[in-house]
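What follows is chain A paired twice: with chain B in the first complex and chain C in the second.
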Partner chain A sequence: MNTTSLLVFDGLLLFSIVGLAWASLATTDERRSVILFMAFGLVLAVAWGRLLAPDVALAEAAIGAGLSGALLLAAARKQPRLLSPGSSKGSRHPDGANVSLVSRWAVTLLSAALAGTLAWALLHAFSSTPHDMLPRAISGNLASSGVSNPVTAVLLNFRAYDTLLELAVLLTAVLGIFALGQGTPGYQPAGPIFDGLVRWLVPVLILTAGYLLWVGAHAPGGAFQAGATLAAAGVVLRLAGRSRIGLPDGFVLRIVMAAGVGVFLLVGLTLLLLGRPFLGYPPAWAGALILLIETAAMLSIAATLLLAFVGGQPQSADVNAAANRQREEMS
Partner chain B sequence: MINFASSILILAGLFFYLAGSIGLLRLPDLYTRLHALTKADNLGLGLLAAGLALHSQHLLTSLKLLLIWLAVLAASATSAHLIARQARRQETRR
Partner chain C sequence: MLTAQVLYGLTACVIVALGLRAALLHTSLLQRVVAINVMGAGVFMLLIAVAYRGPGLPPDPLPHALVLTGIVVAVSATALALALARRLHAEQDND
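Let's look at the complex of A and B:
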């Protein structure tokens, strides 16, 4: 492919990203806005692919477009559709005139200032240091990291501390979700066609999650992408009205939620006791330890994302079944 | 020769995408628009995947492309069914 046609493609890509972002923000219908946001996430994933960052592209497609979209749609479902045109409660002005002009301009100025600062920092980073220093440092040490995918080596070995703290943030988030109390009741059972799709899609998703986890050691993939795919299987089950969506009950669920941080800390502290630096894996064990941590992290990430979709502590299967029975009697 | 064949397949796929998109914009109601979108795009994606598989000349890549096509077929058929059923229900309720 020649450079001109790639340039045209990149231009179209940029135009679509900005256009979709604008459309998503400008629309007054929440659902339309969310769906445009999901399309925005998918095009953004393509852009990451064009930037030769398939790891980020996978994460953006799975979390940014897929699961965030599902979460936002679930939130829009709970929200009374105040802003939608034609609803009876149209007292609020459709284009959000209840937000004062001053605060809107303040937000716009702050966003512009933030964008400017980030752009300056990026330019500064590119101009001040030779920008192949970091890649060279990584490829120089890759052999001792236990994996051959440089992204996984950075996330789980060289900068494992950052990933540990990311998982701690997720744990904090899931504690907040648990504090909300009972989650929303499930959906009504799916018809035969959707159920047929679910029957084979869910096993394929679980298999894909396992593959992404395993392949992360030497190719794009890893715990975050695998966790998001596993959570997607649960989301599909919940949308199909199943009473069990793959989350364990009670104590086991709490263990799964904390597993990512727990195993990470346990490995780090054990290494500390053995006289190594915190999370400084011995090269011979690094591959196995990374896989162990990533497996636990995948389970925690999947549970966190799924609990966010449920919107609280999962209701027991009996409660869901009772709710469905009630719904059937009513209709 | 293979490059030529794969180009023809990809171009044919793009034609069906174009037809589906025009249908989405021009057809009068939800059912016909769904029809245009899912049928034409599925065929377009199939031709595109076939063209790319031929272009790659690699068995594993071709199988992956086939798998992607099958997954999209199932997902788009199901979502078209769900959207149409929901629209139908809202219509009868009115």
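Let's look at the complex of A and C:
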């Protein structure tokens, strides 16, 4: 592709990204806002592909647009117009009825000032040639990392600490959600067409998750993308009204939730006992250890994201069946 | 200076500002969560633009790994925020 056509493509892409962000934030309709946000995420994934970041593009499409969108859409469904504390008081301005004109302008000016400062700093940084010390260090040590995908090498080897703590953040978030109450009841059973689609879609999603996990060692993919895809299989099952969505019960569920952090810590501490630094894999074992950690992380991430979609501890199948019966009697 | 880097970097600044403004001004908690997510996407775009090295050249993988971490942390924060909003509302209904 020549430079001019690439520039036109960039322009169109950035125009639609800003346009979708604006449209998603300007509306007062919560559903519309969420759906536009999902479209925004999908177009962003194209932009990440354009900037040669395929790992991020996969994660954005699966997590940023897909699962975040599903979470937000489910929240908008449950409380139509109820999530806003001031919604019952008169008309709602796009930017909130309770905010005076002066403070609206002040906030706008503040945001514009932030954008200006950021842009100034960015242009300043771009005007000097990058030193590229870290990228050179990464590519120099890639051969001993156990994987050939540099992003996976950074996530699971060079900066494994970050990923360990990230899995701890995920676990903390789901524990917080558990503390806030029970999960919401399931959905009504789907019609025959959606049910038939689910029968095909769920095995394909599980297979894709396994592929993404395996391929992450040498190509775009990895535990996060795989975990999100696996969680998507559960989300589809839940939307189809199944009472079993692939989550184990009780104690096993708790083990799966903690598996990512647990296996990560276990590997790190075992290496410490063997006289190596914490999470400093021996090069000969690095590939196998990374795959082990990533498998546990994928299961934990999938369970966490699915539990977030359920909104708390999953209610037993009996409760869901009772809720469905109640709905049928009411209708 | 790469044209693409500058274009995407400046757009990222605009998106951060749009998200911040909406997060401060919206009254709906759900839309505030959406706005904070948009702001986060702007930060991600900033990092990916910094990592870009031009067509045919391998980009810097470190910001990519940071953004991957950021996306997962963002979705867990979103889930927790929505659960808090749901509980907040259940409490208000009980009053």
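By our rule, the second predicted complex is superposed on the first by the 283 of 331 C-alpha atoms of A that agree within 3 Å, B and C clash if a C-alpha of one lies under 4 Å from a C-alpha of the other, contacts with A are read in each partner's own complex, and residues count from 1 in each chain.
Going forward, contacts are C-beta pairs under 8 Å (C-beta built on N, C-alpha and C of every residue); 3 or more make two chains touch, one makes a residue touch a chain.
The structure displayed is predicted, hence computed values, not measured ones.
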Inset, instruction - Have a look at where A:18 lands relative to chain B and chain C in the superposition and call it first, second, both or neither. - result: second
Inset, instruction - Scan A:201 for contacts with chain B and chain C and give back first, second, both or neither. - result: first
Inset, instruction - Look at A:68 in the shared chain and tell me whether it touches chain B only, chain C only, both, or neither; answer first, second, both or neither. - result: second
Legend entry - Partner chain(s) touched by A:264 [first = chain B, second = chain C, both, neither]: neither
Inset, instruction - Could you tell me if A:281 is touching chain B, chain C, both of them or neither one (first, second, both, neither)? - result: neither
Inset, instruction - Using the superposition on chain A described above, determine whether A:193 touches chain B (first), chain C (second), both, or neither. - result: first
Inset, instruction - With both structures superposed, pick whichever of chain B and chain C touches the larger number of chain A residues. - result: C
Inset, instruction - Share the list of chain A residues that count as touching for chain B in one structure and for chain C in the other. - result: none
Inset, instruction - In the complex, go through chain A and note every residue touching chain B. - result: 191, 193-194, 196-197, 200-201, 204
Inset, instruction - Using the touch rule from the top, collect the residues of chain B that touch chain A in their complex. - result: 71, 74-75, 77-78, 81-82, 85
Inset, instruction - Spell out the residues on chain A that touch chain C in their complex, using ranges where they run on. - result: 6-7, 10-11, 14, 17-18, 21-22, 24-25, 28, 30, 33-34, 37, 40-41, 44, 47-48, 50-53, 55-56, 59-60, 63-64, 67-68, 71-72, 75-76, 78-79, 82-87, 92, 95-99, 104, 107-108, 110-112, 114-116, 118-119, 122-123, 125-127, 130, 132, 134-135, 138-139, 150-151, 153-155, 159, 162-163, 166, 169-170, 173-174, 176-177, 180-181, 222, 224, 301, 304-305, 308-309, 311-312
Inset, instruction - Please give the residue numbers of chain C that touch chain A in the complex, ascending. - result: 1-22, 24-31, 33-35, 37-38, 41, 44-46, 48-53, 55, 58-62, 64-65, 67-69, 71-80, 82-87, 89-90, 92
